[in-house]
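Each of the two complexes below includes chain A, the first together with chain B, the second together with chain C.
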Partner chain A sequence: MVQDLLHSQPGILNFGIFFILALVLLLVILGFVTYAILAERKVMGFMQLRYGPNQVGGPWGLLQTVADVLKLLLKEDTIPKLADRPLFILAPVIAFAPSFVVIATIPFTDKLQFADIGVGLLYYIAISGLTTIGVVMAGWSSNNKYALLGGMRAAAQMISYEIPLVMSVLGVILLTGSMNLNEIVAAQENVWYILIQPIGFLVFFIASVAELNRIPFDLPEAENELIAGYFVEYSGFRWAFFMLAEYVYMFAMASLTTVLFLGGWLPIFSFLDFIPGAVWFALKFSLVVFMLLWFRSTFPRIKADQLMEFGWKVLLPVALANIFLTAIIKELLSLF
Partner chain B sequence: MTFSGELLAFLILAIVAVMGGVLLLNLSKVVHMVVALVFTFVSLAGIYVMLSAEFVAVVQILIYSGAITIIMLFGIMLTRHNDTSEVKGGRLRKVLLFLGVLGFAFAVYIGIYNLDFNSPAANLHENNTEQIGIALYTKFIIPFELTSVVLLVALIGAIILAKKDDEEEAKKE
Partner chain C sequence: MLRTEEMLLNVGPQHPSTHGVFRLILKIDGETIKEAKPVIGYLHRGTEKLAEDLQYTQIIPYTDRMDYVSAMTNNYVICHAVETMMGIEVPERAEYLRVMAMELGRVSSHLLWWGTFVLDLGATSPLLYAFREREMILNLLNELSGARLTFNYMRVGGVKWDAPEGWVDKVRDFIPHMREQVKGYHDLVTGNEIFLNRVKGIGKYSKEDALNYSLSGPNLRCTGMKWDLRKNEPYSIYDRFDFDVPTREEGDVLSRYHVRFAEIEESLKILEQCVEQFPEEGPVIAKVPKIIKAPKGEAFVRIESPRGEIGCYIASDGKKEPYRLKFRRPSFYNLQILPKLLEGESISNLIAILGAVDIILGEVDG
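Here is the complex of A and B:
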């Protein structure tokens, strides 16, 4: 259905249909974010031998996040007197918009995708870099030294971890011969890339956790050193936008990991293909999200100098070696 | 020229790009200028997409989002928080500048209006990345490799310059 739409003649009707579809996607993602936050608190609770939320909305705390969001929206919207007003207001928008825009290229199943572009993978990485600008803007415009430090850290971290992230997926691109996410999934018909590219997957996963600013790499918002990093001065729905951007990125990054290394919507064994692709995608996606939550509750935060050293002296050389190895193996295989 | 969605998209992107450039020159705070630059670069990427150069568009955003963040950091670190640039020059200078800009715009207009690119290739949008890759690694391999050598030299030079400073400072202490 979406494929027909993508190839149809552009017009007002077409635009309207896409607009409504995007709106539906936004609602789905908001639903995901609501329950991802609940899941995060529950999983962390169980791992730390606590119950987690268990009052609002039944014993599982199903309405806890909804209540939290309502509270956030009712909060007073404060802007510091000495803050740079236009940038302070613009920053959450610039931080959030790219997180939703990147989802357009991700193929959820073979039929459900919003844009099928040739450079899908690069598009994701390029657009997600724009969020950094919003974060630095937020840090600077707040006129607060903790916020500025958080913004600086975010910039340094995102730039140094974007390079290993790109380098680690080059192996996948080499083996597929395309940057189109549909073709990458199709190339995993027999074996998933996590088995052919284990080093690439490891580097990608570590770098993606760093790009998501999650523990153990959550230096930009380290609450016990910087209070809350770049969004100290924000409150109410502007603050909610930063949080939303973070969780939407979690959704997008988990989807991208699934597509690149876990075979997207393809079943584990081909005799299991009576189960629809969407279910497979959801299962793998939930696994990746669970891994992220698991990381958060089990790892300590690392220091800023260790973070930089690890990125440039360990991840980058390993990723480069992985490209070299992949190229050699590909050439050797094509000889025979 | 007929009115179409393409023209509309081009007009919006072009206006945002030009406005970004003008704001870059006219705003007084460094960080504001850099934000104006972001709008210019992103709308240029949009124009590349309209020219079916999706690879160039994506690379434009990939490179410049990092570069702009760095410029912003330098702007923050090298200036004070409330620094603003001062307006210099009198009326005569403004008039001369305006005449210069008009002359330049006229020259560009004359140059572009009758420019003929003898029918652009129709298959540019198919496998865009692959076509660029093949062209770079067959026809333009020597300039491409030379560029990479120049970049490498610049990189090593920067590292050496930065390192020397450290040692000299250590000696002074």
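Here is the complex of A and C:
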């Protein structure tokens, strides 16, 4: 249905439908973020001998995040006197918008997808790079030294990790022969790419954690070094936008990992296909998210110079080698 | 025209990793530190001056608030100084209680250090594991003294209260549990590649530097200097126990980490022997006059606190208050080497180096 609309003439009705659909998706994602934050706090609590939220909304703290968001809405919105006002106000929007836009191409099931673009993967990577501009803007415009350091770190980190990230998925693209996410999932009918692209998966996963700015790669906001990094001067809902962007990216990246390497909505074994694809997707997706939470409560933070070294001297060569290896194997297989 | 500029960065007094109100003025070029200037005094309460108007027993609670992470050693040093001046013989049972309290304090202090140090490096969970065990120690000390942090337990001539019934057995049960947990800590953090990359070869200094800067405690022993007052100048009843003085040769952050962990093990050894030798009966405080008057003259004693050598100098003119009281506070001396270590390091390393010094601001500022 969405495809037909995409190709139809623009009009009020089309716009209305798109608007409503986008609103629904936004609400779904906000719902995810709400419970991802709760899940993070609960899982970390469980791993750290604590309870986590257990007061607001029953024993599991189901409404804790809602209460937190309400509190953020009511908070005073402060802008430093010497900040670069327009940039300061614009930065959270620029950081958040792309995170939401990239989700349009993710195929949650074979039918549930917003935009089935031919170069979906490329689109995802290109758009997600924009967020860094917002982060650097926030760091610069805050007129705070810690924020500036955080923003600079973010820029350096993005450049070093975006490249291995792209290189690692090239193996997948080679095998599928397409950048369309639907076709990539369909090509995993028999075997998931995590099994035939293990190196690619490893590089992708590490680089994606770095892209998400999560421990052990959370240098731009390193709490113990830079206090909060680039958003140290933000408060209230502007601050919430940065956090929102972070969690929406977590959602997007976990979805992308599921699609690229874990077979998307496909069941583990074909006889299990009576379980709907959405459930499979949710299961695999949750597994990836859990891995990210697990990382957070286990690892210390890597150092800035080691981060660069690791990106350029380890991940990139490995990713490049993986491309060659994939190409050679594919060529050899096609010979027989 | 493109140019770079040095930036002045204030780290602290309000900063998550300065462990209190410590301030560093950094001159940075990018993330490289050109010059570091520590500023202290935000927590100065004038303990030494206040003490000049206080009776000796009244000074003890003030010492709790200096090194508030191992208050028992501070309690001990002031009592020990007065006892030395007055020539008081402390009953055996009291000595054992004191040593046990101090060694438990040492373990809990190193645990707190471990948790916060690893937290500074970005790992959040170890702190809570460290606090789980620290909590057990605090409960033990709480049973002993009635307080969890500022114990005010020791008195000139002994200790305030005898151990409650079954307390020694609880300590006995705690030792194997703690040993087990230390293994777990090593599994969780020590072998971690990211952790090793953060601490290996960072903040290095030589034995000569350490001595010249008057460092003590693990900060000195990490350079290979085997110097521990419990062994070299035994006070209390430390000469009765069989334990090692752990040292490392490297002098970097990792070696300090290892020394502290080895010290936990040694403290547990001492505790084990204490529990075995603990006298069944006996008084816990010597016969001391109601109003304690140190004889005219002066005395200086020093003991080994978890952070290094803590010393107490008393000059008395025979009154019930000291004429002058001076503490040699190890954190303050250990901090001296910081500007030298930080030069040319990055901000990430700053956190690791500062964390490894193990400063307690209450002690630095006095």
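One rule holds in what follows: the second predicted complex is superposed on the first by the 325 of 336 C-alpha atoms of A that agree within 3 Å, B and C clash if a C-alpha of one lies under 4 Å from a C-alpha of the other, contacts with A are read in each partner's own complex, and residues count from 1 in each chain.
Convention: contacts are C-beta pairs under 8 Å (C-beta built on N, C-alpha and C of every residue); 3 or more make two chains touch, one makes a residue touch a chain.
None of the values given here were measured: they were computed from a predicted structure.
First (chain B), second (chain C), both or neither: which does A:Met137 touch?
In the superposition, A:Met137 contacts chain B only.
Touch check for A:Asp218: first (chain B), second (chain C), both, or neither?
Touch status of A:Asp218: second partner only.
Tell me the contact category for A:Gln306 with respect to chain B and chain C: first, second, both or neither.
second
Would you sort A:Val203 into first (chain B), second (chain C), both or neither based on which partner it touches?
Neither partner.
Can you pull the chain A residues that chain B and chain C both touch?
152
Would you pull the chain B residues touching chain A in the complex into a rising list?
5, 29, 31-32, 35, 38, 42, 54-55, 58-59, 61-62, 65-66, 68-70, 72-73, 76, 81, 127-129
Quick check on the complex: what are the chain A residues that touch chain B?
10, 84, 86-87, 90, 94, 117-119, 122-123, 125-127, 129-130, 132-133, 136-137, 140-141, 143, 148, 152, 155, 158-159, 162, 179
Spell out the residues on chain C that touch chain A in their complex, using ranges where they run on.
So the residues of chain C touching chain A come out as 7, 9, 15-17, 30-31, 118-125, 128-129, 132, 188-189, 192, 194-195, 197-198, 346-351.
Touching residues of chain A toward chain C in the complex: what are they?
44, 47-50, 145-146, 149, 152, 215-216, 218, 222-227, 296-306
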